[in-house]
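Two complexes come next, and they have one chain in common, chain A, joined by chain B in the first and chain C in the second.
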Partner chain A sequence: MIKIKALNKIYNVGQKNEFVALRNINFEVLPNTVVVLKGVSGSGKSTLLSIIGGMNKPTSGEVIVEDKYIAKLPDLHLSNFRASSIGFVFQSFHLINDLSVFDNISIPLIPLGLSAKEIEEKVNYAMQICNIAHKSMEISKNLSGGEKQRVAIARALVNNPNIILLDEPTANLDSANSKNLVEILSNLKKLGKTIVISTHDSLFDELDFVEKIIYIKDGDISG
Partner chain B sequence: MINKTFLSFLFLLVYQHRIKHISIFLISTLLITILVSVMFISTSIKHQLLSFVDSQSDFVVQKVRAGNRDDIPNEWIDDFRNIRGISHIQPRVYGEYYHLASDYKFTIVGIDLFDEYTSLQIKKVFDGIDIEKFMSEDYMIIGNGVKDFFDKNYYKEYYNFLTPQLDIQRVMIFDTMPKNSDIISNDLILMDIDLAKRILGIDKDKSTDIVLNVPNDTEWINLKVELIDKHHNIKIITKEDLQKSYTNLYNYKSGFFLIVFMILLLTFCLVLYQRYSMINSSDKKEIAIFRATGWSIKAIIVLKVFESSIVGIFSFLLGVIIAYIFVFVFDAPLLADIFLGSHNIGYDISFVPYIEFSMLFSLFMFFMIFFIASVLIPAWKIATSDIDGSLR
Partner chain C sequence: MGDILLQQNVIILVVAGFLILLMQGLASFFGIYIYKKWDFSSTSAFQYTLEKKSYLIVLILFFSLIAKIILLPYFAFTIDSLSDVVHGAMCAAGVVGANEYGNFLLGLKIFIIFIVGIWLIVNKLDITAYDYPYIKTKLILAIVIFAFIFIEFVLEILYFTHISTDVPVQCCSVIFGVSGSSDPLPFGINTQTLLILFYSIYILVLIANIQKNPLFSFLSTILLFYFGYYAVTYFFGTYIYQLPTHICPFCMLQSDYYFVGYLIWGSLFLGSFFGIVNLALKLLIKQTIQKYFLYSTFFNTIFVIICTSYVVGYYLVNGVFL
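Up next, the complex of A and B:
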């Protein structure tokens, strides 16, 4: 499903402030598994996640997701890839604050040329999975952290992608909301999704549905 | 990609971004209002003047002595009448009547009301006029500016002109000129030619100019030569000359405004560019969110173009509507004075609605290209930049 081969990411190449974020990363994620990228802040796990999500380009190496060499895809194909294969949940949710929950979740569907009815069906389904349907018309800026998180997950799910990437999903949640998140992730796995989580939270260490934990330190896989 | 849901989302975004757009919307509406007002005034005046010129005779011949206009003897009419191609010829009296106490000047035009062609022209302008009654006594038709002046001085039914021989010549007010001809007729007094001669002190057997019609305009150049052959000391003003001078006069004025507008527009574009290129973190984030959720650069650009187009189109339309009301309902206070200049009689001009849609369309295109480009360039820059970086 996801193969990373000899991946390097260097910022400001050749400049005084050159910085190696990822160094010779190799790993594989099988379909319908949950993989945790674990490391302290600044270790490079978020960069790795954004490269897998096609939002950042590696300096060298190969990123193969669903048989696509995504580092080499032109913009239109990369956008299609993001729209069809990937659902990304950001650490700080990145919702459009002035839009309602429903409108935020529908964003990935807008450029697809779907009818209003199709969009409504898909958004409602995503909201049900994430237990946020009751806040459908609420403006996003009025939501709590946990609710925002659920909206962000619903938005990531709405296109029915095979892969869900979550960047520090518990960083802005209290323990109760973290538990809710774990429940949602468990359900997503049951739905056949492949999930990659970047986190430093020990909560994910003991989850029975997590197949693999990859430790990252200073841009290297350490264990 | 562009379907009903895309458009619904677009309008939703425009609504949500209304605070961001409002300043640009107001500035651009103001600019469009000013420019379109100038355009409306200019085209309305030109249209009225050119319509007036169109209804005039093809040639006006004046006698010149030592570079100055001199009265023309009536025999000259017979000299010219024999020239082939002239369909109609008649004398005309045209002169200024100075009102000493108020320092105002009226323009008196004397026409031969017995002439069938002239009589028909008058009937065209004044629908239902009783020419026989008009000819039966010393009557005059006056412009609205003259009427206002007479009213203020309690001359409701007649006015007493003072002839050069210091005789009083009472002339009854028969009618007023149509309001929509004010630009031309505001200070005009129309009367019988013999009455005009008495008031202006012109000999009975002379007139100030001779007007003639030549239906075949390909003959105009030849005809000019023939007229000069008959009398070399003449000045010939053709309808074309009048059209050119009016067009040049108002093109010059609107050209001046166009330059001012260009400077304003350029400044506006810089402001606009700055406004959108200094995109704040929420704008940047929004574009990055679209990219992260699978929107292509093209889709984002289309969204932004549409978003700015809606703002641009609505501000343009609002500007045009305000300009229309300002010019054609309120008669463009302040701006009208710049165009028409000071006038010796109080001006109360009504602009006749006349719109050159081709010019309006050109302005619209010109405005929208600048408007969209100013928004598009910064949006494109962000859309093509690193998503990850924009979200951090």
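Up next, the complex of A and C:
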């Protein structure tokens, strides 16, 4: 469950270039649902996604994710929260180009102190879900955009988080890869994941597994 | 006066001390503001700003206080090194006693380190909790530490500026030795009684730590610290120097004795700190940490073993006691 109450995010507070990114945002995301945050570039949806993911703090308001007030969490607990509960897929993937697919996906497992065998099992499982196991030893910089996307999703999944956040997931994909992504997301929902997607792509408008579309315009929820 | 202030180690000590004082002062100033306005239950923009600021303030306090701990052995090293330029001094004992500020300064430094240690523990408990339960306590404690550090800095300046390189000072054998006080041990006891007390109190510390009783541990630790100082200075030290007339708590910090003084005094300080800290924590934040009883036992045991090993080692090699 994700609950946002009276959330505001203002950048450069009190300065000449003060900018209100989010204004009095309120909504809920129920477990095992798919919610799309829709809006044009600069509308505030990526900021909202990063706040839900505990990578950014609000200026005011409450952000409750899995019963934790994450905006109030001290850094140590926030890191643990991100590691255990959130899988984040970035718009530009943020893979380490010189590492293999396997190594990239295993990175979130490193701080957990797991054995090599456990890491291998978890990474293989994540690669299978994202249909990238055949590229396991490939160096990331040699992958296509669609393959990089799947690696990024596998990395987000590998810790088995309940919540997956995707920021503009189709921005760097062609239509065929976008359809593959939709299929992966559908499978993730079947696995019981809660998924929040920030996008301006109309592809997500009429997907049968999307429960709710929240329209954001100039930092406000508009519909 | 100028000769001392131009010594490299003294310059480092004074500049580092000033920077720590500056950081502590700034952090304490903003700490008062945070203390007055803090309301963790609020989700207002103001409270979020305070939380961000408190993170920075606590980080500044943390690093400056860690530096403070490192500076204590460095102070010991510095005053020992000054014995080369202070006439009559053979070790730090003469330098510490070069004016009326030295002994008080040294005592204050040790006292401050103990409070700093308590602050670091409270800080750790606070930042590993979910809701900063001890932030107000540690901010108040930081302000208290700042006050002591300020006094210490003034004393340090007075101390270093009042050491004369022209006037001879007393060496350790005069200060502590047979030609010094006629009755150097406390309460008029003799060395044999001192040793009986020393080992008895050590056993008391062990019992207190096994019972995990903060007050008992505090009292027995304070006693061990007190009698431990005399036992090392007036008995065990003579075995370290292998000379019954060489009575000094500082010479063992020198390379001639493999710097063993740092180990001996360090283990006594750590053992004492962990022995007293649970009572302080109980009074400050109403909780104790069981593992600190174990740490107290460990460090005090190290201290006793090192001291005793010198006597045993001497007897095994020479077949007699001093």
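Rule of thumb we're sticking to: the second predicted complex is superposed on the first by the 223 of 223 C-alpha atoms of A that agree within 3 Å, B and C clash if a C-alpha of one lies under 4 Å from a C-alpha of the other, contacts with A are read in each partner's own complex, and residues count from 1 in each chain.
FYI, a residue touches a chain if its C-beta (ideal position, glycine included) is under 8 Å from a C-beta of that chain, and two chains touch if they have at least 3 such contacts.
From a predicted model like this one, the values you see are computed outputs, not experimental measurements.
Chemist: Following the overlay on chain A, give me a clash-or-fit verdict for chain B and chain C.
Modeler: Fit - chain B and chain C, as placed by superposing on chain A, sit side by side.
Chemist: Look at the residues of chain A and decide whether chain B or chain C touches more of them.
Modeler: Of chain B and chain C, the partner in contact with more residues of chain A is B.
Chemist: For A:S79, is the partner it touches chain B (first), chain C (second), both, or none of the two (neither)?
Modeler: In the superposition, A:S79 contacts chain B only.
Chemist: For A:G53, select first, second, both or neither according to whether it touches chain B, chain C, the two together, or no partner.
Modeler: The answer is first: A:G53 touches chain B but not chain C.
Chemist: I'd like to know which partner A:V13 touches here: chain B for first, chain C for second, both or neither.
Modeler: After superposing on A, A:V13 lies in contact with chain C but is clear of chain B.
Chemist: Scan A:I107 for contacts with chain B and chain C and give back first, second, both or neither.
Modeler: After superposition on chain A, A:I107 lies in contact with chain B alone.
Chemist: How wide is the angle at chain A between chain B and chain C, using CA centres, rounded to the nearest 10°?
Modeler: 40
Chemist: Taking the superposition as given, does A:P31 touch the first partner, chain B, the second, chain C, both, or neither?
Modeler: Neither: A:P31 stays clear of chain B and chain C.
Chemist: So in the superposed three-chain picture, is A:G42 touching just chain B, just chain C, both, or none of them (first/second/both/neither)?
Modeler: In the superposed model, A:G42 contacts neither chain B nor chain C.
Chemist: Could you state the shortest Cα distance, in Å, between chain B and chain C after the structures are superposed?
Modeler: 10
Chemist: Share the list of chain A residues that count as touching for chain B in one structure and for chain C in the other.
Modeler: Looking at chain A, the two contact sets intersect at 75-76.
Chemist: Show me the residue ranges of chain A that touch chain B in the complex, using the header's touch definition.
Modeler: Per the stated touch rule, the residues are 47, 50, 53, 55-56, 75-76, 79-80, 82-84, 86, 88, 90, 94-99, 103, 106-116, 119, 155, 159.
Chemist: Quick one: which bits of chain A touch chain C in the complex? Just the residue numbers, please.
Modeler: For this pair, the touching residues of chain A are 6, 8, 10, 13, 57-62, 69, 71-77.
Chemist: Could you pull out which chain B residues touch chain A in their complex?
Modeler: Interface residues on the chain B side: 1, 3-6, 8-9, 12, 16-17, 282, 285-286, 288-299, 384, 386-388, 391.
Chemist: Give the list of chain C residues in touch with chain A in this complex.
Modeler: Its residues touching chain A are 40, 43-45, 48-49, 51-52, 55, 127-132.
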